[in-house]
Amino acid sequence: MAPSDCRIPPLQPILYEDIVRRALMEDLGTAGDLTTDAIVSAAEECAASVIARSGGRVAGLEVAAFAFRCLSPQAEADILVPDGSDASPGDRLALIRGSARTLLSAERTALNFLGHLSGIATATRGIVAAVVQSKARVVCTRKTTPGLRALEKYAVRAGGGFNHRFGLDDAVLIKDNHRLVAGGVAEAVRRVRRYVGHMIKIEVEVDTLEELEEALALGVDAILLDNMPVDILTRGVRMAQGKAITEASGGITQATAAAVAATGVDLLSVGWITHSAPALDVSLDFAVSV
Amino acid sequence: MAPSDCRIPPLQPILYEDIVRRALMEDLGTAGDLTTDAIVSAAEECAASVIARSGGRVAGLEVAAFAFRCLSPQAEADILVPDGSDASPGDRLALIRGSARTLLSAERTALNFLGHLSGIATATRGIVAAVVQSKARVVCTRKTTPGLRALEKYAVRAGGGFNHRFGLDDAVLIKDNHRLVAGGVAEAVRRVRRYVGHMIKIEVEVDTLEELEEALALGVDAILLDNMPVDILTRGVRMAQGKAITEASGGITQATAAAVAATGVDLLSVGWITHSAPALDVSLDFAVSV
Amino acid sequence: MAPSDCRIPPLQPILYEDIVRRALMEDLGTAGDLTTDAIVSAAEECAASVIARSGGRVAGLEVAAFAFRCLSPQAEADILVPDGSDASPGDRLALIRGSARTLLSAERTALNFLGHLSGIATATRGIVAAVVQSKARVVCTRKTTPGLRALEKYAVRAGGGFNHRFGLDDAVLIKDNHRLVAGGVAEAVRRVRRYVGHMIKIEVEVDTLEELEEALALGVDAILLDNMPVDILTRGVRMAQGKAITEASGGITQATAAAVAATGVDLLSVGWITHSAPALDVSLDFAVSV
Amino acid sequence: MAPSDCRIPPLQPILYEDIVRRALMEDLGTAGDLTTDAIVSAAEECAASVIARSGGRVAGLEVAAFAFRCLSPQAEADILVPDGSDASPGDRLALIRGSARTLLSAERTALNFLGHLSGIATATRGIVAAVVQSKARVVCTRKTTPGLRALEKYAVRAGGGFNHRFGLDDAVLIKDNHRLVAGGVAEAVRRVRRYVGHMIKIEVEVDTLEELEEALALGVDAILLDNMPVDILTRGVRMAQGKAITEASGGITQATAAAVAATGVDLLSVGWITHSAPALDVSLDFAVSV
Amino acid sequence: MAPSDCRIPPLQPILYEDIVRRALMEDLGTAGDLTTDAIVSAAEECAASVIARSGGRVAGLEVAAFAFRCLSPQAEADILVPDGSDASPGDRLALIRGSARTLLSAERTALNFLGHLSGIATATRGIVAAVVQSKARVVCTRKTTPGLRALEKYAVRAGGGFNHRFGLDDAVLIKDNHRLVAGGVAEAVRRVRRYVGHMIKIEVEVDTLEELEEALALGVDAILLDNMPVDILTRGVRMAQGKAITEASGGITQATAAAVAATGVDLLSVGWITHSAPALDVSLDFAVSV
Amino acid sequence: MAPSDCRIPPLQPILYEDIVRRALMEDLGTAGDLTTDAIVSAAEECAASVIARSGGRVAGLEVAAFAFRCLSPQAEADILVPDGSDASPGDRLALIRGSARTLLSAERTALNFLGHLSGIATATRGIVAAVVQSKARVVCTRKTTPGLRALEKYAVRAGGGFNHRFGLDDAVLIKDNHRLVAGGVAEAVRRVRRYVGHMIKIEVEVDTLEELEEALALGVDAILLDNMPVDILTRGVRMAQGKAITEASGGITQATAAAVAATGVDLLSVGWITHSAPALDVSLDFAVSV
């Protein structure tokens, strides 16, 4: 699956510079890298390769490269495999050159970003592949790691997925408790329309076909069909046909994704690709004095 | 395995307050929680229970509780199951009371912390249980999620594990590349001793028994035996007996941990418990007007 | 025009606490309030009334009150006229009690927020009143004062207006230059749909009826009819009827708003209510020792 | 009126870098510029002209230019009309070159700064022109937009005005309430002199000629004659002749400024030039691929 | 020398809260207080006395108290000896109560502030006492510890001294290099008057009586007589009588201060009271369970 | 004493960039450098030499150089005398080139860092020289200036000393109060071992030889012998021989250091080298237009 250059345009660095900088300071503390500072002279230059030790979808190389440049602007990174590409075990993803102290001191931070984001991209790729026969899109949720949402949403795109809401501020999703407080979904939707601007979409979460029917009558943009068995979901999707975007959620796994997608639902939303994807195994292999 | 109150003393809030605050701002953006602001009046009060939907080791309840208090200091949290305890599916972990807007707006951020940290504690607990017959301790690595190291190291303790270095600044770990730059481990250790203070321990990573012998002769505090088969490891541990702490690392899983521990090694260091542990499934169940 | 309590729910304090704190530090510098510190003893308590010296729509009282509490948590504020209400010259808007030093040192910062936000609310109210005979809504733009967007968007709501995009991140607006780069609006929309999630609305800016026709054929959510004379706008609105939300923009003033609204357009977007509204005249009247 | 290069030396970038950076992050949110990221490839370069669409005094071009460089250091800005110059409608103020994504994503933030600051400079220029026949200087107040004081004070200088206090920390201004708390202006001045250093000037606000007389007797540096009719002001200025700098304040407009200045007063302080000046209309005109 | 409550009004907490918070985080790092967390249970309460182990002038007790409250808002501090008072060895300065963990973890940070600031106050007191027979005031300089200027200037006041400029932004001081660049002091002063507002004082540094004469002719507010022998200084002071405030600077010590003051100079500026004052010896004595 | 390039490797800039930046902003305030901005045109270039006016050990030149570059990246610094070298009065330490405004505006901040850190290095050098006949190392404490610990610890290394703990987080030091709370040192050590990782050293503070004996029996890494007369200390050191590192502390001065070192103790810890070292006298000498 070749990366589409338009699906994963590079992130604006301003979206991650502070995050990377804080991560480096977290690792360096007040004393800095004791081992490297003691052993490696400031004049020593070197080069190192970023290697994929297991296969997967790559995401986060620009972010990782910034970790080195953040310690010394002279550090250079040649990215050989752009984000959104698939790597095989042993593939060289990038070549980093600079002072040996910089490479050694930023190594772990750079790899932590790259492994984490590539892990999310790889997990997303898996689900996307499972539903490739259908028209369904895979979308992520707000179940992201605190502080890393911009990066994790980007990794989902690198994996071939699409983004759901980035936060509570860019779209409306009416859940059970909102409905309960408002005294019904109709009143909840009425309140929302009185409050939000015209560029905000409205989605309603439903648990039953009765709730679905009620929500569809309100003309909302999308419906979240939560935790429905496949047969119920199939009926729900048919009811919503042409009236609202449909999204299935609740415990969708690699194994069940194809069956869910086969219902004709527009979207599968999957929380675990951001909150539980294992990291991709990546390493930095050094060659002294390049 | 009951939690020892001394093993998991509560984190000083100053170590996570900024992290939680930033996470909330990440979710609220500039516009805030559109759905809740539109639907729920500021006067509405409610209560909600934090529920474990799957079983596991709990970590992060104080952190999650702070997410609510950060939005409104009047919010109250009764923690029913202290961090470091085991929960069964359906267990109520805490009771939160406060304005309905606060509870709804902070819900996802609070649960993201709790699920992530409890996931790490649960993974750690699993490995710890696997080696319970041995004297070996399970330790974590610096392969943590950027920005969350303090919290993830805490979660490892809640899971019964111990912490390795918190950063590059609190101990020395001489790896291949340091040795290479210095022109040998003896010179590397010499440089370190000339540089670091007396409260800093020195560990050396070795790949072979020859390297182990060389490192032991230098009188370092600990040896990291990297990626050794169990039989080689057994010999290495015997060689180091009484001379240095021994640590095994490299691809240790739930399945292999017991065999590794049986070599008599002091420590098993496991990266995946922080970088690849799936989140624990937790939820917030609302009851309006309590 | 009575305020609707749902239209202007109070902002979450986390959205403005840092902004207010920075504003106070900007005014206090390193030396603090020289005049007050020299003259007023720390034990002196007092009370003061926030007064509207000219008539207008009030917005920002909670924010202003926080300025006092930020200097001393003991300061108390009774808000007498909630945000979103109309005040006449001389009306008392709030009563502040606390240490005299706090009231004197925070006075200007508090009033700067209140006057600025009430100025925006008042300007918005004026345009809203001008179109009250129509169904049209008044919306603001991204032409806000740097650093104050959350607050200014809130002030627009307090004035009876609605919010357009909060930033570049919550909706798509395809302008001339985007179209130019893409080589046509159809390609631009195609690229957007391939990139953005299902909760993101798409609006296209058009300058002519030909462009309008082209955009309508693409099924986008909204059309921005830019700088059209009223007769052309009328035709454009008719063409778009039932196909897309219509928004008129470009030099709309208090004088021309009614005519624009009479075209049947859904929205009037007005930049000057945020970037050029004069501040409302507000003051703090002290009464020593209350 | 040609700009004096010494009256408006460029601001040190450190005074605004964080402000501009925060403004960009406010606009980009977590998701970034959805429209541009979707449509424009990272390789696309372009150029654009900053154009004055209405006539006025220019201020803020360096600040606006920094907005582009903040997103990509490779962006270049040729400033054609330096701050402090007058521009006619249609004048090209600067030429910006860089990646098309950078120019599109930073456009609004850059223009928001430029329009706002040029609006203040233009308003100031108007009042300055009105009093050009007198020796009086126009000065601004602390009624500035929260967070932008350094920039707005700079814009006042670009408009030909002078700066009053930058904050509560750089000079003493004894107002009614300070006098009240101290039990008289003499005691207030005595307390100030006992507290502040020798480099701090002292100004006293007076409402009547009796108060003026009392203040002059104390030998303070300046007197603020607040809200006095022109005839009273004339007498006050004569009384203060050679004893203290005189400053008139209170509702001074373009229309009344000349008459106030004709009293011989040294300074006219005008709040609205910072809190209520309408923005100057500026735009960015793109030419693709330069 | 009893403290004058007006000379050392308490600092607004907003001026030091961030400084103290950062200092605590510097000490706690990512792992927190390992010793205390391991040993002391969260439930343990205690009390401790802040003791002066050597005699001196006290400054910084509110700041030190905030260090404890910053770790836990429940911590209480009774300040027994207000800032600006003299303490004898063994005097109890304050009583702190709270959780034992808080007291132990914040102890060093609190004492570092208190010892440092009291050291400055004590050094200042010494110089002030040396010139008590004269009318001269002792003033500090901008030679302060980076990041602590607000606090150190406060400590100087607590010691009986006065503050010179707080920064480059609150007054003008024309030095050799400024004069050189301008091509003479007259041109330098002319440029300054064309630039700065009316609330800004102007001081000129002179090395010779010829330079003094030239500066006096320009009518500046103050003259800094730098490094002049006492006899030359005496002549200079007489020349400046009634024309400008005079300030002596350059190597003034406890031993030479009285002779310098006897010249009739208005001010002695002393750099070492901020940059080289030894810390006062203070400690925290614990009594478990109060 | 020639500097060892390995003993004082340059600090990673990320460890001080924010500190320097904040220090500059502290000095520039909101208005900037009034004097320089008024007098010096932005086009003026110049060069200046950093001069040691008294003799001492140099530390902080890279940090000082960054102060200039922080105001303008074009500023260049040639460091002639590397940190850790000894300078005589009059020695030129560095040459700075750049815009005259930058050099004048950053001068004081740069010198404040350099003078403060060189003062600490010089004080350390003095104590180190006093014990040169012994094997003892001089170590610093946590009695550092708030916010400057990384820099002050570096200055100690430049002076030939070694670092003790950087914070509460990198090693364990059990003091009286910890022992008291635990009910004895044995229990305190037991709790620590149950809590901390294997890379953390443990030191115990003892006041008597009885306490020493008790601590030695526990096998801890180091013993702090507090405030012991030289004869008792000698006996203590002998007792600890081969069992633990020994550290003497308590009122060690230049005069007493040699005698303390002669006891054979491993370490002398000295608080005053960080909290009470007078600044080294350094200046910036300008030569216009280079």
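Going by the order they are written in, the chains are A, B, C, D, E and F; count residues from 1 in each one.
The rule we apply is simple: contacts are C-beta pairs under 8 Å (C-beta built on N, C-alpha and C of every residue); 3 or more make two chains touch, one makes a residue touch a chain.
As the structure is a computational prediction, the values presented were derived from the model and not from experiment.
Q: Which other chains touch chain D while also touching chain E?
A: Per touch definition, common to chain D and chain E: A, B, C, F.
Q: When every step has to jump to a touching chain, what is the lowest number of steps that links chain C to chain F?
A: Minimal hop count between chain C and chain F: 1.
Q: What's the rotation angle, in degrees and to the nearest 5, for a C-alpha fit of chain B onto chain C?
A: Copies differ by a rotation of 120 degrees.
Q: Do the two copies chain C and chain E share over half of their interface residue numbers, or under half; same or different?
A: Chain C vs chain E: different; shared/all numbers falls short of half.
Q: So which pair out of C-D, C-F or A-C basically repeats D-E, with more than half the contacts the same?
A: Checked against D-E: the matching pair is A-C.
Q: Give the label of the chain whose average Cα location is farthest from that of chain B.
A: So the farthest one, by centre of C-alpha atoms, is D.
Q: From the mean C-alpha coordinate of chain A to that of chain F, what's the distance rounded to whole Å?
A: From the centre of chain A to the centre of chain F is 44 Å.
Q: Using the average of all C-alpha atoms in each chain as its centre, how far is it in Å between chain B and chain F?
A: Centre separation, chain B to chain F: 32 Å.
Q: Rounded to a whole Å, what is the gap between the Cα centroids of chain E and chain F?
A: Roughly 22 Å separates the two chain centres.
Q: Can you pull out the residues of chain F that are in contact with at least two other chains?
A: Counting only residues that touch two or more other chains, chain F contributes 6, 9, 26, 28-33, 37-38, 40, 105, 149, 163, 166-167, 169-171, 191, 194-196, 200.
Q: Can you tell me which positions in chain A touch chain F when the two form their complex?
A: Contacts found on chain A: 21, 24-25, 28-33, 37-38, 40-42, 70-72, 101, 105.
Q: Please give the residue numbers of chain E that touch chain D in the complex, ascending.
A: Chain E residues touching chain D: 4, 6-7, 9, 137, 139, 157, 162-166, 169-171, 191, 194-201, 203, 221-222, 245, 247, 266-267.
Q: Considering the complex alone, what residue numbers of chain F touch chain A?
A: Of all residues in chain F, those touching chain A are 5-6, 9-15, 149-150, 153, 163, 166-167, 169-170.
Q: Going by the contact rule set out above, which residues of chain E touch chain F in the complex?
A: Residues in contact with chain F: 19-20, 22-23, 26-40, 44, 100, 104-105, 108-109, 111-113, 115-116, 119, 142-149, 166-178, 180-182, 188, 191-192, 194-196, 200, 272, 275-279, 286, 288.
Q: Which positions of chain C touch chain F when the two form their complex?
A: By the definition above, chain C touches chain F via 26, 29-30.
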